[in-house]
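Shared chain: chain A. Partners: chain B in the first complex, chain C in the second.
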Partner chain A sequence: MAVATASSGTDAPPARAADRAGALRRSVQRNLTAHGFLIGAVLCFACFQWYPMVREVIMSFQKAKAGRTTWVGLHNLDQIVHDPSFWPAWRNTAEFTGLALLFGFALPFVTAVVMNELRHARGYLRILVYLPVMLPPVSSLLLFKYLYNPEYGPINRSLQLLHLPTSGWLQSPDMAMLAVVVASTWMNMGSATLIYLAALQNIPGELYEAAELDGAGLLRRVWHVTIPQTRLVLSLMLMLQIVATMQVFVEPFILTNGGQGVEGSTTTVVYLIYQYAFNFSNYGAACALGLLLLLVLAGFSVIYVRLNRRLES
Partner chain B sequence: MRRSAALLIAGALTLTAAACSSSSDGGAKPTNGKVTISIDCAPPKSRPTQRKQWADDIAAFEKLHPNITVKSIDTFPCETPELFTAALKGGTEPNVFYTYFTDKQQVLDAGQAADITKYVTSENLPVKDDIMSSVWDTQKSGGKIYGIPRTNYTMGMIINRKLFQKAGLNPDQPPQTWAEVEADAKKIAALGKGIAGYGDYSAGNNGGWHFTAEIYAQGGRMVSDDGTKAAFNNPQGLAVLQNLHKLRFDDNVMGSTQLYKWGDLQKQMAAGKLGMYIAAPDDITYMVQSLGAHYEDFGMGPVPGQSAPGVGTLTGGDDYMFNVKDTPEQIKAGIQLLSYLWLTEGQGQQYNYPRSKSSGQAVGLPQPQLFQGATATKDAQLKAANATMSVQAFEPFVKANVPGVTEPGNAQAIYKILDTTMASALTSRNADLKKLLDTAEQQVNQVLANAQ
Partner chain C sequence: MSDTRTLVNPAQLNRTLYRATLILVVAAFTLAFLGPLYLLVTGGLKGTTESIQTPPTFYPHHIEASNYSDAWTRLNIAHLLLNTLWYAFGALAFQLVLDVAAAYSLSKLRPALGNAILGLMLATLMIPAMVLVVPQYLTVLDLPLIHQNLLNSPWAIWLPSVANAFNIYLLKRFFDSVPQELLDSAAIDGAGPLRTLLSIVLPMSRPIIGVVSIFALVNVWKDFLWPLLAEPDPTRQTLNAGIYSLSLGVPENVLIAASAISAVPTVVFFLIFQRNIMSGLTAGSLKG
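Here is the complex of A and B:
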């Protein structure tokens, strides 16, 4: 309707045109404050989010040599696919994501359910659970690096005291990724736990009372009341965790002194991107791999949206 | 009021965005015969002595050259790879910027290097002809000069003299072969208290770097002469891994913690927990200045070979390159400044030995090794006259005079692959060393093929 009115305005008599111009001016003035505040956010997003994303897509098809940038089509993609670290990096990333979901998805939920059931010391426990999130990640990781040290780390020392076999942890290709996941879960589970706890506390008490009257025990109450009632939060957190864990970088970078680990056991996709950009100065390959990761993560997002729609319907 | 505030914020952000989007012009341009140049790697505030000496030198240089104004940019470390590559990409380096020898190709690929060939004259750089030709080679590409060297090094074996003495060894006779390393390391490790006899890197691309140094000592090379194929999968490469694997698992003199990168072994050495490791002489400066160690605790021998001192050793160094946007006046001024600061006997940051001695800095280390002829002779005399440490402790390293070999092309990509090889050799008792080399060779060949 507004479009039709505006288009007819070109033939309108001068008085009506002046009225409309005045209305437009008043409308602009009325919303000036909002626009003023908005422009800052838009500029920030444009400069630091959207522009780099567009540049990444462009650069993934370019190569810079001797100051000249040329279009190389799919050459960068071909290069990264033939990198010996390419498939191991995806395998390691998938392993981290799988293990992180196993620990990092289930553990906070179980912790939240237990905390929700408790009658005392809830506030104290909440602080305790959230405390690791407040520590700078590098500090937490250096702490774990000490714990995992095969010579003087407390974990191996405790195992020795108990006459149990020790491990090289981060120096063992079989244990390294698990060790990284445990550290990552400890660092990050606090936030997820509090979100689950908030969702649990929104479940009407009558539902549990009805279930109890029907003779449901704790596990049946969790299965038939808690999980269905927190379905949306659970699926949202699942998606967010997949997106976050597939971008793992800091944990292996700090824990294994550079990110690769023994036999490349902790080389992840984002670590490869970092290597291309900052060790090999090959921005084209770094952008191509970044684009590939973006597409994979976008695929997960599409699956999430479709699943969510199906659940809602 | 709210509207005004919003407009103010919007205006400020617009101006900020505009400022962000404008590219650097590489420093001020010369006007009316005056020239301004910016230079990085000035000492930071956390190093007050060096910072004051830098400021004094800059003031003295400006007095000698009234038409030149120097804008110092303090950075520590002088180069952070992430910031450096980002600056190259954005073209925001200073007029005269610090690089490692191995960065040359990266700077050329980024199109950020100025050709300074015609400005490198005896007038601008009096010691030009006394700088060794092998050092000048590191600054050239296609016959053109792109940088001015600052320091260089060759690698050897740093030893902890105190631990050598405690273990009943003669610290003036560091090991020259791997068999001697093994024998000495066993005696040092036998001291107990968590002391390791020998240490080596296997992470942060430093494992590959040390593999390179050790295969050079064996007479091997990392890549073929034309740079297209891996050349380390041979008896020399295998010997490197066998030596380390034996020290780690048969002799148990390296401790069980591995995955060390640069900085880790220095901490152990400075704390008196490590007997020896392969390094450049400036590691000693780092351990003294940053980790509280003492010069008299250290000595150096040559990089060991299999049955005699190494036949080659890895050489590297750092230099300054010039922004491609620099004017001829800025390049000339930059070379004159570098000559004053870094390459003139008796003055500047590097060769004012009396000043270094009086301020408690190191004099006497066998580094840099830039000069030949009269300048080299004069330097040796001045250094000996002002030495703050026992020059004798470095004699085995200096006398061996192992020839330097430069790093391979695509060094970091190759080092990354060999890191995994080193890590496996040092963490897995049952590692199949030949298979590790086979895998690394295949991967390096792929990297080299991709780089063509």
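Here is the complex of A and C:
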């Protein structure tokens, strides 16, 4: 060090310039290498995420006809709002989301709480709950389509044997959505269950002991210990599930022959997007409806963040 | 884990009540989750008339194993299976190379604008996937600048799979925990960034690489709409899309047999890797 300062004292300007040039070259080289490692993924993001997002917004206000695109302002929005399927699709989507939350949100939590109490067969139960998550969705859905069949499906037959009322399931306008939700819950509840189970295992046992000393019964312990202790996971999963179920597509698409169901009873918003784009090649309308869905889901996220912040403070 | 105190006080636990609950829960789970799978396998074994008779039977009275071979040849399942494997392992390779390199760069090489790029990548997690399907499809039809049409080529599945912000996030967070001193000493020994990545960072990151790999394979295997749109040619379809496309033209029992066959690889995969899959699910999603 001492030698370096001494020598820099005699011929300072050229050495410092050389140092600076060297530092610059190293910095440039370091950045080039770093960006070289980054470039492949960045190009993929640019092509398949960032650019499509920009395009989604632009195309919402454009119309493509015979290879030429023209700006049409809010015409696409006007067109989709006046489509007779528009409001039923939103109502169906809301119905699916509501039912899916009723089943898909409560059931995994209850299942996880019960599983957490058991001291035996845990591995077996975990495998069983998660198994459907791993199946290819088309296999599961074609299976459910067969199970739901009103004439030769095993579900109606089982109900008959138990002297319970049967139903047309997917072929009945009233029951179709419920049937879709049950199939969807069967297919997807495993992930939520295992995530809740992990959260439950992190609750300190002393809290239950303290609650018990205070004379809290089983249900009060659930209400005052289990739920507050898993609140963060529960609220996050609620948010994620709302966003996921609002985008429902595959389940009604396969179960109800292309997604409309009897009298359009299972037409969802994403199905309408699919129909505009791939049946009618009306990309403008598809993008406008997609943008609308994006805004609605973003609205939910904003509400979630606000509520969470209020809970924190 | 089994010794920690939970909701019910172990000292007060009524043994018979516990036994009864355990049996009930195990029976209910078995019925609810294995029941449908039993009907899937046996439904595929029924003859054509038996499969559509009223009332239906709960086990095949005449076993017709030929449905399975029928499904195998009529739906060309061997071909669909090979396609799916090719797409899945290709996507895995691209994700491992490009996402690992990108996460390493963002975590350790820290280029200028790195944080902005990371932010833009993570922002894509906020955008619902179904909203982007239409513009993504149009992009694949005509790639910007180079004007290539990727439709019916495996690239249409491989390249979009790399744009997975979740992978980047998981990998970067793991690489962040690799001590900098280790990398510095490697640099003093003359190792370049690539050498450091390959011989120091990667060997330490095996668990997270495992999680990312499993999800990469499972995502391609389970995806439906994207492969249906991106690979419309029947000879290039995946299992999911192929079975769906052919589902209207074959009898119910053959279709059920085909569904059962296409479920087998994932079930086997799950039973082998269940520990990694289930721990990856909870480790990856909600900690921190």
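Keep this in mind: the second predicted complex is superposed on the first by the 271 of 313 C-alpha atoms of A that agree within 3 Å, B and C clash if a C-alpha of one lies under 4 Å from a C-alpha of the other, contacts with A are read in each partner's own complex, and residues count from 1 in each chain.
Everything that follows uses one rule, which is that contacts are C-beta pairs under 8 Å (C-beta built on N, C-alpha and C of every residue); 3 or more make two chains touch, one makes a residue touch a chain.
Here the structure is a predicted model, which is why all the values come from computation and not from measurement.
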Of the two partner chains, chain B (first) and chain C (second), which one does A:F280 touch, if any: first, second, both, or neither? first
Please work out whether A:L291 is in contact with chain B alone, chain C alone, both, or neither, and reply first, second, both or neither. second
For A:V270, is the partner it touches chain B (first), chain C (second), both, or none of the two (neither)? second
Determine, under the contact definition given at the top, whether A:F249 touches first (chain B), second (chain C), both, or neither. second
Touch check for A:Q171: first (chain B), second (chain C), both, or neither? first
Given the touch rule stated above, what does A:R68 touch, chain B (first), chain C (second), both, or neither? first
Classify the contacts of A:G40 with the two partner chains as first (chain B alone), second (chain C alone), both, or neither. both
Chain B or chain C: which reaches more residues on chain A? C
Which partner does A:G205 reach: the first (chain B), the second (chain C), both, or neither? second
Quick check for you: in the superposed arrangement, does A:Q160 touch first (chain B), second (chain C), both or neither? second
For chain A, which residues lie in the overlap of the chain B contacts and the chain C contacts? 33-35, 37, 40, 44, 47, 151-152, 277-278, 283
List of chain B residues in touch with chain A within their complex: 2-3, 6-7, 9-10, 13-14, 17, 20-21, 81-82, 85, 88-89, 106, 108-112, 194, 203-205, 255-261, 264, 324, 410, 412-413, 416-417, 419-420, 423-424, 427-428, 442-443, 446-447, 450
In the complex of these two chains, what residues of chain A are touching chain B? 32-37, 39-40, 43-44, 47, 64-68, 79, 82-85, 149-152, 168, 170-172, 256-258, 260-264, 275, 277-281, 283
Complex contact set, residues of chain A against chain C: 30-31, 33-35, 37-38, 40-42, 44-45, 47-53, 55-56, 59, 113-122, 124-132, 134-140, 142-144, 146-147, 151-154, 157, 160, 186, 191, 194-195, 198-201, 203, 205-206, 208-209, 212, 218, 221-222, 225-226, 233, 236, 243, 246-247, 249-250, 253-254, 270, 273-274, 277-278, 283, 286-287, 290-291, 293-294, 297-298, 301
Enumerate the contact residues on chain C facing chain A in the complex. 1-2, 4-9, 18, 21-22, 25-26, 29-30, 32-34, 36-37, 39-40, 43, 51-56, 58, 97-99, 101-102, 104-106, 109-112, 114, 117, 120-121, 124, 126-139, 143-144, 159-160, 162-163, 165, 168, 192-193, 218, 221-222, 224-225, 229, 239-241, 243-244, 247, 252, 255-256, 259-260, 262-263, 266-267, 269-271, 274, 277-278, 281-282, 285-286
